[in-house]
Amino acid sequence: MEKNPYLPYAAHIEEAWIENDARDIKSFRVVFDDSADAGAFSHVPGQFAELSLPGMGEAPFGIASAPTETDHLLFSVKRAGLFTTELHSLDPGSPIGVRGPMGRPFPWDRMAGKDLVIIGGGFAFTTLRAAIVEILDPANRGDFGSLLVVYGARTPGELLYRPELAEWQERDDIDLHLTVDQADEGWTQNVGVVTSLLESLKPASQNAISIVCGPPIMIKFTIVSLLNLGFDEEDIILSLEMRMKCGIGMCGRCNIGSKYVCKDGPVFSRGELRALPVEY
Amino acid sequence: MTEKTIAHTDLDRFLDCLKEAGTVYVPAKDEAGEVRLAEASNVESVALAYRNFRMSPKAFFLPQNQTLLRFNEGRVEEPAPPDQGTSFLFGVRPCDARALLALDEVFLSGDDEDPYYKRLRENTVVIALACERPVASCFCTSVGGGPGDGAGSDVLAVALEADLLLKAQTPRGEQLLSSVEDLLADAAPEAIQQAEELIRSAEDQISPVRVDNSAELLREQYDSPIWEEAGLTCLGCGTCSYLCPTCHCFDITDEMRGKTGRRVRTWDCCAYPLFTLHASGHNPRPSAKERWRQRIMHKFRYAVENFERLFCVGCGRCIRNCPVNMDLRRVLKRVGV
Amino acid sequence: MTASQEIETRLRETAEQLLRDKKVDVFLGYEKASLPFRTTPLFVTSPEQVDRLAWNPFCTINLAVYLPRLFADSRRGGGRAEPPPPPTVGIVLKGCDLRAATVLIQEHQVPREKLVIVGVACPGMVDRRKAELALGEHDALGAGEDGEGNVHAVIEDGVEVKLSREDVVAEACLQCRTPTPSMHDVLLGSPVEATDGDGDAGRKQTADFEAKAPAVRWAQLREALADCIRCSACRQACPMCYCTECVMDQTRPRWLGAGTDGSDVMIYHLTRAFHLAGRCTECGACARACPMGIDTRLLVRKMNQEVEDLYGYRPGDATDTTSPLSDFSMDDPQDFLTEP
Amino acid sequence: MSQTQAVQETAATKEWEPRIVAFLCNWCSYAGADLAGVSRIQYPHNVRIIRVPCSGRINPLFLLRALQNGADGVLVSGCHPGDCHYISGNLVARRKFALCKELLQYAGIEPERVQFTWVSASEGGRFASVIEKVVDEVRQLGPNDKLVKKL
C-alpha cells in the first residue's frame, strides 16, 4: 500500500546545539529510528521537510545536510513561534517526526558544468550549506566550475556553521567570503552588506548560475546587483518561504498564483517568479 | 449503456436494494422545511422536487473534521479506517456532482494521493438527479455543466412524471444498475424525449455568464480596481467557501490532552487573515482585497492553468448566502469575462 | 411616490451634496443587489455615482459593520510611517444601526466628528428568507414595494404576489425598540413608533426558554448549534466584533479547536455571547448572516437582558457612558457567590 | 509509575472522583489556600490550583477551557471586595462572574459546575470549607459530560 503522505517517519534528535550569539538559532541532528526509513528518505539539496511534534503540529524547514551525509539530517531552526519554541526545548533523544523530502530542489542539472555563485544572508544559509557540502564532495566537485560563496550576517556571532566556514576558507576549491553589518573585536574580515561585497568581487556571469537565500530585503538588492553583473534572470535561483500545512499541494495556502511553494517550489528562478503575482 | 427507467412506485424497492449494499442518503425535508441529504432509514418520504441543498455534499468526501493521525502515549498512528462500507448518495444535483471532478484533481491527481479523500470517494456512489427548476443564482451552464450533466456522478437520474430515467455514467454506475436489473425497464423513446425536454426547459431558465476565457482575462486584470472594491465590501467570513462544493482548502491542527490526542484536518478559507500569516508577522495576502482576488483567481484562472478546469460549478451558493449579497457573476462581468 | 421612493430621492440628493461639497470622502449606502429581496453595500466616492444608491424594504444590512475598518488605518499605531488621516464618512443608518455606531463611538473605534450620519426612520426591513419561504414553491424574479409598504414579488410568467410587510419583516425588527435614529446629522423619513419599546417580545423568548428544564435547554441548544459550520459569518457581520484578531482564531495559544466538534462549537457561541454582553445592539445581523439558519441571538439576548436587569444599562443609548463591564459599583449584586 | 499510569489506575480501580480546577488570586485566595495547608486543615484532594495575579485576570474562556479539557468543576476565588491588591480588579471581575454564571445556567449547564467566591489570606478555614462544599456538590452532579471534548 502507498505510504500515507501525512504520516511522518519516526526519528529522534541525536544532538542539538546553539548556533548563534543571540541563542535563538539551534541546529538539530535528526536520525531516523528505522534505517529503512533513512533509505527511503532521499533528498536533494534545496528541498525541505516538515518536522512534526505531537500536540504542537508541524512546520517546514529546509534540509541543511547534504545527501552525502547519509547517517543523519541537519536542521537549523530559529525560535519564532509555538512549534519552534517547543523544538528548542527538546533534549537529545527526544522523538520527532519527519515528513518529506518535499519541494523542488536547486536545479542541479542546469548547474552542472557551470561556475556557481552562492549568496546567503542570516539564518537562511541552511539549504545553501547542503548545496555547498554536496558540491565539495570529492565525487561531485569535478562536475562544477568555480564555487564562489558570499555569506553575510548582522554580526559575526550570527553566522551559522562557523567551524565549517573556517574550514572552507582554508580550502582552495571554494572561494568563501564572509561579511557582517557590525564587526566585533577580533573580526578581521569584510564589513558591510552582501551586495557591496558581491559587487566588489565581480563574479563573471558567463556560464554561471547564482543561488540566493536570505531575508527579503537582501534578496531584493542582491537581484539588482546580479542583474547589473549580467546574470540572466533564469540564472538567478531563489528559495521562498511560505506558511504551509500539508506540504503536498492540497491545503491551498502557500500558492503564488497557480504555483504552490510546497511542491512547485520552494526553489524558483527569478524569471519564473516574475511571471507570478507578487504574493510572497 | 442505454437509458433505463424505474417507476416512482418502485423507488423504495430500489433504495432497499441499495441499503443492503451500504448506507443510503436521500433528499428529505427536515423539521424546518429544508431539504437535505439524510440517511434513508430515518426518512419517511424522499423529496424529488427541491432546490439544491443548503450544504453541498462535499462533506461526504472531505469531512469538516478529519482525523489524520492519532497520538497515543508517544506512538503516532494512522486512524483506523471507518467501518462503514459503501455509501450511496441519491439526489445530488449535477453541479455538486461535477464539483467532485475538481476535488479529484486536487486530492488524487498529483504525486501524492490523499488517502482519506480517496477512501471516501471510492466508497461513495453518487446518483445525481437532474435539475428541473434552477433558481436565480444558478449558472451551471456557463461553467461547463448543466441541469442534466452527468459528469462526476455514477448514475444520472431524471425525474419524469411516472418514472425515473436512469443513465449510468461510470462502470460503477453500470454495475449498480445491473444489480437492480429486475426493477428496471429499457427506457421508451418517449421517456428519453421527455427527459431531454425537461432538461432543455431547465437550461432555458438559466441566465448565462460568459467565463470561457476567464483565465486569460483575469491574467490581465490582476491589478484591476475591482479587487479593491470587492475587498471593501467583503466581510471576510467563510460562508462562500464553506458552502462551495469545490473549495477544499484546509488547516491541520493538533488536539492533545496529556500524551493522547490527534492531528485533525478542518476546513479553512482563503478569506481569513490568518490563512497565510507567517510566524514572522508577514502576510503575503494582507487585506481583503488580495484575499478576495485569490478566491476568484483560484477558481477561474489558477485552476484552469493547473488542471484545465474551472473550480466553479455554478451552484450559486456563494451568491445566495453571502451576508452582504456579493455576486461573483457581477465581478466576472466587470472584469470583462 | 411611495415613502421609500421619497427617502431614496432625498438620500441621493444628500449624498450628492455631501460629496460635491467635499464634506465626506466616501458615502456608504445600499445598492440594489443581483437577487430579489436584497441590497448590497455601496461605497460612493463621486457625486456622479449617487444614482446607484437605493432605499427600499430590503436595506437590511447593518452598515455600521464597515465603520471600524474604514478607520482602522488611521488608528494604527506602532509603525514607522505616520498613519494616514482618518477619512470623513457619510453613512446611512437605521435605528438599530445607529445604536451599533453609538457603541463604536463609545468604544473609541470611530470618531463621531468624522461621521456624517444620515439617519433613516425605519419601518422594519424584510428578511429575505422569510420572503422566500412565503413564496413557497415559487421563486422570485423581482421584488418591489407598494404604497402601504407591502412587498410585491414577481414570480414566473410575470405574476405578482403580494406579501404583507409584517409577515416578511426581519425577526429583529419585530422586537425593535428604537426604529428612529436618535443621533443624526440628517434624518430622513417620518419618525416610526417602536412596536416593542420595552423589549417584551425578547423577554418572553428568554423566559420561555428558561422555563424549560436545564437538561432540555442544553439539548435544545446542542441541537440548534448542530448545523454550525464555524464559518464565522455571525461574527463578521456583527459591528461589535471588530477585533483585528479574534480570540477564537488565535493560534498562539490556540484556545479553541478549529473544527465543528460539539464542545468547540458550544464554546464559540458561549464566548461570542459573553463578549457581546452589554454591547449587542440587537440588530439581528448575526442571525441573518448565518447560512445555516441558526438563531445566533438566543444566548446574546439573554446576556443583554441580564446586563439591563443587573446594571440598568442598555448598549447604544449614548456615546459618553461607561460600558458596564468596564465599570463596577461597591454594592453590585453578588448573591451568586458560593458561601461555605 | 508515571503520572498518567497513576491516573489510569485510579480510574480503573477506584470510584470516579471529581476533578476541580481552582483559579486563585495570588494575593488573597492563594495565600488562604496556603494557610489551610500550613494549618494542617484537611480538605478534599480533588482540587488542582492555578494561581492567577488577580481574579480580574480571569477570562471566562479559562473556565470553559477547563471544563472542555475534563474538569468536572471550576472554582474561581479572589479577594473580598475592598481588599483587592489592584484596588478594583475583583469588583470588575464580579460583574463578569455574575454574567458568566447566568449564561452557563441559561445554557443548561449545572450552576454548581462553575462557582465563584472570595477567600482572604487569613481564611484558611473558609478555603477548606469552600473546597469541601464545591467537591461535594460536583460529586453529587457526577462527571462533567456536557462541555468535555472527546479526543
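Side notes on the structure shown:
To keep things simple, chains are lettered A, B, C and D as they appear, and every chain counts its residues starting from 1.
Convention: a residue touches a chain if its C-beta (ideal position, glycine included) is under 8 Å from a C-beta of that chain, and two chains touch if they have at least 3 such contacts.
A quick note: this is a predicted structure, and the numbers were derived from the prediction, not measured.
Listed here as common contacts of chain C and chain D: B. When the C-beta contacts at A-B and at B-D are tallied, the pair with the greater total is A-B. Chain A and chain B have Cα centroids lying 40 Å from one another. Distance between chain A and chain D, defined via averaged C-alpha coordinates, is recorded as 49 Å.
Rounded to whole angstrom, the centroid-to-centroid distance between chain B and chain C, based on C-alpha atoms, equals 31 Å. Shared interface positions of chain B, defined as residues touching 2 or more other chains, are 251, 253, 255-256, 259, 261, 268.
Residue positions of chain D with contacts to 2 or more other chains are 149. Counting partner chains per residue, chain A shows two or more touched chains at residues 81.
Annotation, chain-chain contacts: A-B, A-C, B-C, B-D, C-D (touch as defined at the top). By the touch criterion stated above, chain C contacts chain D in their complex at residues 209-210, 214-221, 247, 255, 257, 261, 263-264, 266-267, 270-271, 273-274, 277, 299, 302-303, 306-307, 310-311, 324-330, 332-334, 336-340. For chain C in complex with chain A, the residues that touch the partner chain are 251-253. Within the complex formed with chain C, the chain D residues making contact are 60-61, 64-65, 68, 75, 81-82, 88, 91-92, 94-110, 115-118, 126, 129-130, 132-134, 146-150.
By the touch criterion stated above, chain C contacts chain B in their complex at residues 33-36, 38-41, 43, 61, 65-66, 133, 137, 139-141, 229-233, 235-237, 245, 249, 251, 254, 257-261, 285, 288-289, 291-293.
Across the complex, chain A meets chain C through its residues 81-82.
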